[in-house]
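Read through the structure below, which is laid out as structure tokens, and then see the notes.
Each chain carries a letter (A, B, C, D, E, F, G, H, I, J, K and L) given by its place in the written order, and its residues are counted from 1.
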Amino acid sequence: MKDPVYKLIELTGTSTESIEDAIDNAIRKAAKTVNNLRWFQVVETRGSIAKGRVEQWQVTLKVGFTVDD
Amino acid sequence: MKDPVYKLIELTGTSTESIEDAIDNAIRKAAKTVNNLRWFQVVETRGSIAKGRVEQWQVTLKVGFTVDD
Amino acid sequence: MKDPVYKLIELTGTSTESIEDAIDNAIRKAAKTVNNLRWFQVVETRGSIAKGRVEQWQVTLKVGFTVDD
Amino acid sequence: MKDPVYKLIELTGTSTESIEDAIDNAIRKAAKTVNNLRWFQVVETRGSIAKGRVEQWQVTLKVGFTVDD
Amino acid sequence: MKDPVYKLIELTGTSTESIEDAIDNAIRKAAKTVNNLRWFQVVETRGSIAKGRVEQWQVTLKVGFTVDD
Amino acid sequence: MKDPVYKLIELTGTSTESIEDAIDNAIRKAAKTVNNLRWFQVVETRGSIAKGRVEQWQVTLKVGFTVDD
Amino acid sequence: MKDPVYKLIELTGTSTESIEDAIDNAIRKAAKTVNNLRWFQVVETRGSIAKGRVEQWQVTLKVGFTVDD
Amino acid sequence: MKDPVYKLIELTGTSTESIEDAIDNAIRKAAKTVNNLRWFQVVETRGSIAKGRVEQWQVTLKVGFTVDD
Amino acid sequence: MKDPVYKLIELTGTSTESIEDAIDNAIRKAAKTVNNLRWFQVVETRGSIAKGRVEQWQVTLKVGFTVDD
Amino acid sequence: MKDPVYKLIELTGTSTESIEDAIDNAIRKAAKTVNNLRWFQVVETRGSIAKGRVEQWQVTLKVGFTVDD
Amino acid sequence: MKDPVYKLIELTGTSTESIEDAIDNAIRKAAKTVNNLRWFQVVETRGSIAKGRVEQWQVTLKVGFTVDD
Amino acid sequence: MKDPVYKLIELTGTSTESIEDAIDNAIRKAAKTVNNLRWFQVVETRGSIAKGRVEQWQVTLKVGFTVDD
């Protein structure tokens, strides 16, 4: 493909473990329905709090993938 | 679902009435094809002008929803 | 006009009623001296407070209009 | 006071009615414990969705008030 | 349609020729599967370098289109 | 003039040809009524789409010029 | 409470271990004096360096909590 | 005037002395042709360098004034 | 304290003299009630105008301080 | 190299021809002293004006390259 | 040194392990050629994806160090 | 030189006196090793506090200079 075109979708992954795990979860979920995932960019890091501790890490990211012909 | 993943889509709703109505219109339209809409964030508020008055409110928003397994 | 050029001016409209009314007021005032107003974009929403209530809505917007030949 | 100093606090007001009402609610709540509220600036407009309609308007704003001597 | 609703998708177009060509490529690719493309907004301009020269222009853009009823 | 003062105006130039041509068109139009144009800064690049191709390039820019005494 | 109001405070948590630990530390400290912590948003990630290694992770975050009646 | 409307213009003031002096120069120049100047907001602070020292302070600001009826 | 936590508050200092003096005034006022002020970051520089001259410098800043155990 | 590290430098390229040519000029100049240039990101597009036409395109970009061991 | 001056350089560190490890790698590499590294600020977090999983964490950061006399 | 290329470096200047003095210090230091400094842009203004007063002004700026052939 001479001039590839990529599409970016925006996802929020969550995890009770870590920021990296929340990102991993979003990418694994996307990989179930989209082929050719290529890169991601973190947009925002948030989370919920319960009993004075982090309950859930919530990371919003853009994921880019090749648009097939 | 232990670690839910959300997808965000970006829409521009319009209305001749108000900012709130433009947002409502975008969400109602999205709800016709997407289940589990959860939240929205306003990205930009614009509008068109005719005869020296606001003709159409145009509100761009991101809408988040649960990605089903 | 093959390639129209637009000018944008920045205004702050105010209202004791609502955000939409503050925007309307700015556009109506601009329409008194400028023809061909075409669109607006909200830049910032602020307001003054008196006696623990919103006293005045203040919305800053850019307004675009056709530059006549 | 020759050179007044102001403090800004950040609040999220909510409403089932409108953006303006969410802002009003935040300011009324703040006015119960803080005197001399002077101005506000909208930081972000979000909301929750239920049954394909806006369930709750959530507006984050900064509120400025005079620091008493 | 009284109050149209638009959807925005984000794409990265590429070209070995120019910024305009990268944008054109993204829009042409999108037009193959989406009707009613209406406008675009450039989000970011990047590129890859090889042998000390621009190898590929990469332009990320949002493309808006009418959501059909 | 010991301490020159400059004014900036915001314009949107359009072209069916290219980004550079849209900028040129805005500056040429401004030069018809303003002397001493000195510099420009691109604010935003957008465009309209028709038949799946770029129809019109729309570039918003600020143009700075010397304020005469 | 029909229309809850939230307050956001800004904190910088630190840790010699990780970004997550710096956020945890800020939230745990806040939980000692504030009830009803609900969510956080990361504002900035910085750190100090000593002997060519990260010495301290410094994460600035906003923490939101319910304002009691 | 029940609901005043303000216009904002953008200026770059310069000075060989200081940032404050550059702002003062822009406002004094504007005051020669515009009545009712009310407030300013600094947009950007730059400057030119000659012989390894600051040659000229250049401060871009928005200036707001009442639009007369 | 192994992992110190800092709190940031936002203030607007004012002065008829200079930007530095407005910042100084905000910090001096904060120091009357808060111990352990450590650093500040300028958020915004504005001011009021009277008789075509700067009447009051208004500088909004964040001030960070150590949260005591 | 298991975990490559890249350095980014910021350049302003200029051209009397086009935006692409200004970027090319910056990259060609950098390639004279830096090996392994890999990518660029446009930071800002400006230009100078003379006789009511664009005199010089000025594009500021970041250029990334591999840091050699 | 009465008034120290710091220089900031921008780096992208990578890692197959974690965000913290990517930052560590960038700082360790920089420490090989620059003395007196003092602090860092994260600019952007991205990564590459392979086989539906994060392949490489890529963190862009600014690193500040003392400029020696 | 038909199409000059400029390089920008980022510095933090400090001073116990004023914002202008912190900028001057950064530029004077840079001028010891770099010829042809041309302009600067302020990126951020911060400072340290001691005994409830500003202890040190810290201004981060970009400085542009001509890249020699």
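A few remarks follow.
The working rule: a contact is a pair of C-beta atoms (placed from the backbone, for glycine too) under 8 Å apart; a residue touches a chain by one contact, two chains touch by 3 or more.
Being a predicted model, the structure only gives us computed values, none of them experimental.
Steps from chain A to chain F, minimised over paths through touching chains, total 2. Chain centres computed from CA atoms place E at the largest separation from chain I.
Relative orientation of chain C with respect to chain K corresponds to a rotation of 180°, obtained by superposing CA atoms and rounded to a multiple of 5. Chain C and chain G have Cα centroids separated by 38 Å.
Between the Cα centres of chain B and chain C there is a gap of 22 Å. In chain C, the residues touching two or more other chains are 9-10, 19, 30. Contacting chain pairs in the structure are A-B, A-E, A-G, A-K, B-C, B-D, B-E, C-D, C-F, C-H, D-G, D-I, E-F, E-J, F-H, F-J, G-I, G-K, H-I, H-L, I-L, J-K, J-L, K-L. Contact residues of chain C toward chain B in the complex are 19-20, 23-24, 27-28, 30-32, 37-42, 63. Of all the residues in chain D, the ones that touch chain B in their complex are 18-19, 44-49, 51-54, 57. Chain contact summary for the complex, chain J toward chain K: residues 2-10, 62, 64, 67. Across the complex, chain J meets chain L through its residues 9-16, 21-22, 25-26, 29-30, 60.
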